[in-house]
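Below, chain A partners chain B and then partners chain C, in two separate complexes.
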Partner chain A sequence: MTTKKKQLLLAEDDELLASLLNYRLEKGGYQVHLARDGRQVKEFLSETIPDIIVSDIMMPYFSGIELVDYVRNELQLGIPVIIISSAGNEENVLNAFELGANDFISKPVSPSELLVRVGRELSKM
Partner chain B sequence: MNLKNLLAQLAFLEASLDKFSYQKLNTQEARALKNSFEAFRNLLEEKIRLETIRGADTGKIIFFSYPQGKRAENDVHETANAAGTNSVPSNDPGGSADFLKENGISNEQLGYINFILTVSGISSHLSADSEESEQLYQNIPKKPYLTKPMDKSHKIVSESGASEQSGTRESVKIDLGSVLRDCLGETDLLEELVRLFKQNSLEFIGQVKLHLQNLDYEGIRFASHKIKSGLRMMKTHELLAIAEQIEAESKTGRDVKHLNFLFDCFVKEYPGIEKAIDLELGNLK
Partner chain C sequence: MGIGKVTYLTIVPLAPKIHPDLLWNLTMLFSGLGILYLLFVFIFRNRLAHKAKGIRERKRELGPMISNFLFFEDDASLQEKYDYVQLKLEIRELLKDNFNRKVLVEILLDLQKDISGDARQRLFNLYRNLGLHLDAFDKLKSRRWEVISRGILELTQLQVEESYSSIKKFINHKRGVIRKQAQLATVSLKHEGITYFLDTCKYRISEWQQLKLLDIIRNLEDFQPPRFKAWLTSKNGDVVLFALRLIKYYKQNDANTSLMVLVKHKNDQIKIEAINCIKEFCVFEALHILKAVFWNCRPHVKLLVLDALADLGGEGELIFLKSIENKENNFMVKSKALSAINTISPGAVMPTKDIEFIRPYEEQQEEMTDAIAPVAEEPTKEMIPDFDPGTENQDGKMLIEGPEGPQEAVHKLHEHEVPGEKITEPEPEISEYGEETPKETAPDPSEQPKENKVEIAPVVEQPDKNLGELTLDVEEYMEESAPEFEVTGMHDGEQAYWEAVLDPENEDVEIFEICLLEELQDILTEAERPDESYSDDEILPLNFLPIIEEDPKGKDKKEKIPEHIVEMEVDGEMVHEDEKFRVELDSILQRIRGSEEKGEEDTVVDFLPLVAGSETSSDTDKEEVGPEQPIREFNVDYKEVRAIPEEPEMAFSLGPTRTSLEELPAKNPGLMEVFFEEEEPPLAEMSCDKSIEKGASDLSRLLDERVSIFNELFKTCDAESKLILLDEILAVGDEKDLRFLDTLGADEDSRVRKKALTIKKKLGDFLKRNRKENERMNADHLHGEAPENDDISGADVKKEEPDTPNSPAKELSNDLTALEYRLLAEKNIKTSRTSGILDVDFELTPLEEAQSQNLGGAISESSFLYDILSIPSKIIQKLNG
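Then we have the complex of A and B:
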């Protein structure tokens, strides 16, 4: 019997980091959908509801904070959102938490740590 | 003119030096500074010539090592030879130090004078191409009596180690072992990441160059913020330090000359780093 893979939206415009995380998350058993910017995020979310979202806080067109706001207030979705943020961005991270982000991971991102955090958030569902 | 007058002139030059920054001077300012140095140098040369004649009479040999002032050096030689003394060695700071000490010049001041003479040589090159000026600038001896930084750009990049390392790029070593572990040992993936890193770096260089031309500080800030992640991942600490400075400068200082300087540092550092990454990748494969 095969279990359906959890769908994960990875919103990251840094191709380098996105490639590494994509590889590790797929190896970790997730079906990963990559979005390079806010427009692709909106486009994807208009068609599919993933099980979890991992998003960089600083993206073109649509920041991670706006994404959290969009997911929680416009789409009214309760799916977990994990924010990726660089050091020194604490204020933005706090804003993201206030808007309903579930967790954050600081750059440099350890793929292993991200896998643990993703698994932990999904286990709460 | 006695040494006290020369010292007064020196004080004036010191005041000028406080404001000196080879990156920050416009042509007019550079010319003014150059003229100041030339005036001082002429006075000093005259003084040295006179003292040489006097020193030759008393058996003392006076010499100043000029980076540019070949005329003064020749004058000293000529004068000394004319006075029937032996040829002066090409560099004899001890002799000049003794003479200056006798005239109340401390070691600290002596070092400062040598420094000014070095800079005066550079000042005459300010109108030359920037690469030559930069090279000359970096050749200035770093003296402990210089309590104030000559140039903000130089100071900051020195702290990051970038300027020193630009001369020793061959020794840069990159350790991609942890990245390979993150890739679960997949060298193909690591190779792909390296390819993306190179692509991103070149894109960054192109973007920042363009943003600098357009004075788009937000664009510079965003580009430098974005490149940091990849630089950190590839353990390129030198480039990361420069990118962080570019980001900070584009956010707060917004000094376009400083930004250009940092950008030049990045561009100069990059080829050595790329070579080191390729070498490391070859070792890991």
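Then we have the complex of A and C:
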């Protein structure tokens, strides 16, 4: 009997990084759904509720902060949200935390570290 | 057809004639070039886009492959290992294509930016394992600078340490881009790269480059910085500067000696960095060098030196810093020096700009305590000048009525100005401008005068000058609850003024208090010393008998006089001190009062200082009583004079003073006695049947002769001069000088008083003897006896001249003597008893002295003539030795 993988929504506009993280997260045991921009995120969320969301803070059409706000206030979802931010963007990170983000990780991203953080957030639920 | 005729030549007649075929050919040529250009742009754009699309697609294909390589683990399952081997074979096939190699390099360069940790290190390994670094080495050999730069960048970002030796050669490359890229690569590839760079760098190192180098160095892992003091001796100033910054960053405080030397560097940047290091490392030994180099530095460096001195210096640097304050012209440097002084010795320099001097509170308190007492004892007279008498009250006074006196009244006014705010605090206040605003405190009720009316001191002034006694009715004011107070006797302008001043809605009550109190204080001060404020011109010199007549004409004139002057209370101290007038007036008043006491006559003429309306009027009055005027013009209506009330205020009239001498003896014998004593028989004893003209001329003469010529001299001279003049009085004095000597009994100087008494006694004795001698000589003359002295002298002249005051010779003698002494006094020439116009340098024998004394009266009467007549004898005596 196989255990159901945790569904993870990875919102990242950089394809190389997204594929790299995708590979690492899938290898870490998660079912990763990639979204390249905000519209794909909304489409996915309208259909599926993931267990955790990992989102870059800078995305086309829909920023990571708006995603947190959308999840928390419109969808009224309590799923964990981890924000990936570039260095020197602490203000946005603080805004994300105010809106309900659970964790954040800065670029350059260590895939192993991200995997640990995702597991920790899911374990809190 | 018609259209074909229309060419550009018909439209533009002056255009050059060009064949149409040529034009068409040119048009087609340029159109073709344009199309060709657009075609090339389109082609190249599509090519680039296609290439970018291919790279993007290739990246999308190779990305997962790279991920597989990056995250492959040895403990993977067999399937994973199998896939990994298959992937290796696949990628090796791909690497044969240069495009794929480029794409892989780009993928690795992009990923190394976004990933960290072990994944990043694996990526570097993959880059080397795939042999991609060899391509970068080949780029270093390129002749194109951008390829070289690209190769250096790949090797640097993918951390190919083996490329260090290849890249470091480009540190001093002639092309700046390669040089800078190589410097960064050298420093970042190996830890010893920084030393090599600092050792070999020959070119300038820009600030931005230094920042990038520093950023690379501080991010180096396990970096052990070398002792950068070694490069403080570099000939490259930028290397020295960069080394100083590195020293400061890594806090290498073993370069103190070099730092002290670099403070003297010509380069301000190096100097500044050295100073910063000295300050950072607290190099106390560098203080004397900092002070030494200070004056050679530019202002911005001086500021740093002062900052370092403030941090490191002690009290020993205070002198130097104070010298900077005195010598330095730059405001910022001077201010920094003061700041440094205060840093070393807090509070040594206090703010001085725009600081107002305020006395200590204790002194202010003491002064206020001292000021309160005299204010409480202040006389209650108030005078407000520049007041229009035409709008005063009926009494011509402005009364400040109240039980407390003026000061208290003013206080109460203040209290009414600001309802609810009591001014009882005796402490001085500091206004917004820092000035002390002393507050008058209420005087002790026990010391307050009981007189409610505060009468302003009398003022002797021209009637048209709008002066009067002003009294504020404070009682009235106190009874009214309204904030406004009424000031009686004010005209509309004054009323508006006081209302405006005392308006309770006035914003600045303090300013009002100050102004009002100062004004009142000035008034009090002015009232206390009136003599200084009035000139002689303002006072009519009463050298005539101030007999008052109130005829209808005079009444009319009196009615025209402002009432405030009529009611004016005259203070003797206020009247100008005119001895000529005062002596006469006092004697007259004494005699009149004496006659009153005897009950001989109840007429009282209260002579008061007449207020001169103008000089013209006084002159007119003089003329009216002059000797040319007939005596009948002196018309005195004694009934009218008696009608003047004998009030203490001594109301007086400014009416005409002409009176009839015929009535004087009968009405006022005492008065007549004053004028005709000693010189002439009293006029009362004269028959009225005698010639009136003679009486008038006698009166005029007496008026002229009664005053001693020394009177004027004594007014202007000092005590020493008075003593000398007293000797002259003894020499030339006569009866009138005796009266003048009486007045000197009240002189300020005790020496003058004593000498005046002595001189008076001597002069009296001398005059008595002289009078007796004259009587005897006259008697002898009448009896036909010849004179004993044959010399031509003043005595002889006197004998020859009739001894009557009215004789022309006597008048001439008097005039000349007066003129002589007046000239001597004006020239400040001291005269002696024997001095004349010509001095005699020998002493008289007792016999001669006795003779001269005997003749003194005559000589004195005609000293000028005597001197003239004795000139030949004196010259002869001088020539004889």
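Couple of notes before you dig in:
The rule is short, and it goes like this: the second predicted complex is superposed on the first by the 125 of 125 C-alpha atoms of A that agree within 3 Å, B and C clash if a C-alpha of one lies under 4 Å from a C-alpha of the other, contacts with A are read in each partner's own complex, and residues count from 1 in each chain.
Here is the rule we go by: a contact is a pair of C-beta atoms (placed from the backbone, for glycine too) under 8 Å apart; a residue touches a chain by one contact, two chains touch by 3 or more.
Note that this is a predicted model, so its numbers are computed, not measured.
Overlap between chain B and chain C is detected when the two structures are superposed via chain A. Of the two partner chains, both chain B and chain C are touched by A:P108. In the superposition on chain A, no contact is made by A:G119 with either chain B or chain C. Shared-chain residue A:M58: touches chain B; no touch with chain C. In the superposition on chain A, A:D13 makes contact with chain B only, while chain C stays out of contact range.
Once the two complexes are overlaid on the shared chain, A:Y23 sits against chain B and chain C alike. Of 26-34, 62-70 or 854-862, the segment of chain C running into chain B after the two structures are fitted on chain A is 62-70.
Chain A residues in contact with chain B (one complex) as well as with chain C (other complex) are 14-17, 19-20, 23-24, 27, 107-108, 110-112.
Residues of chain B touching chain A in their complex: 182-184, 186, 189, 192-193, 196-197, 199-200, 222, 225-226, 228-230, 232-233. Against chain C, the residues of chain A that register as touching in their complex are 14-17, 19-20, 22-24, 27, 107-113.
Touching chain B in their complex are the following residues of chain A: 13-17, 19-20, 23-24, 27, 58, 86, 107-108, 110-112. On the side of chain C, the complex with chain A involves touching residues 56, 59-60, 63-64, 66-68, 70-71, 107, 110-120.
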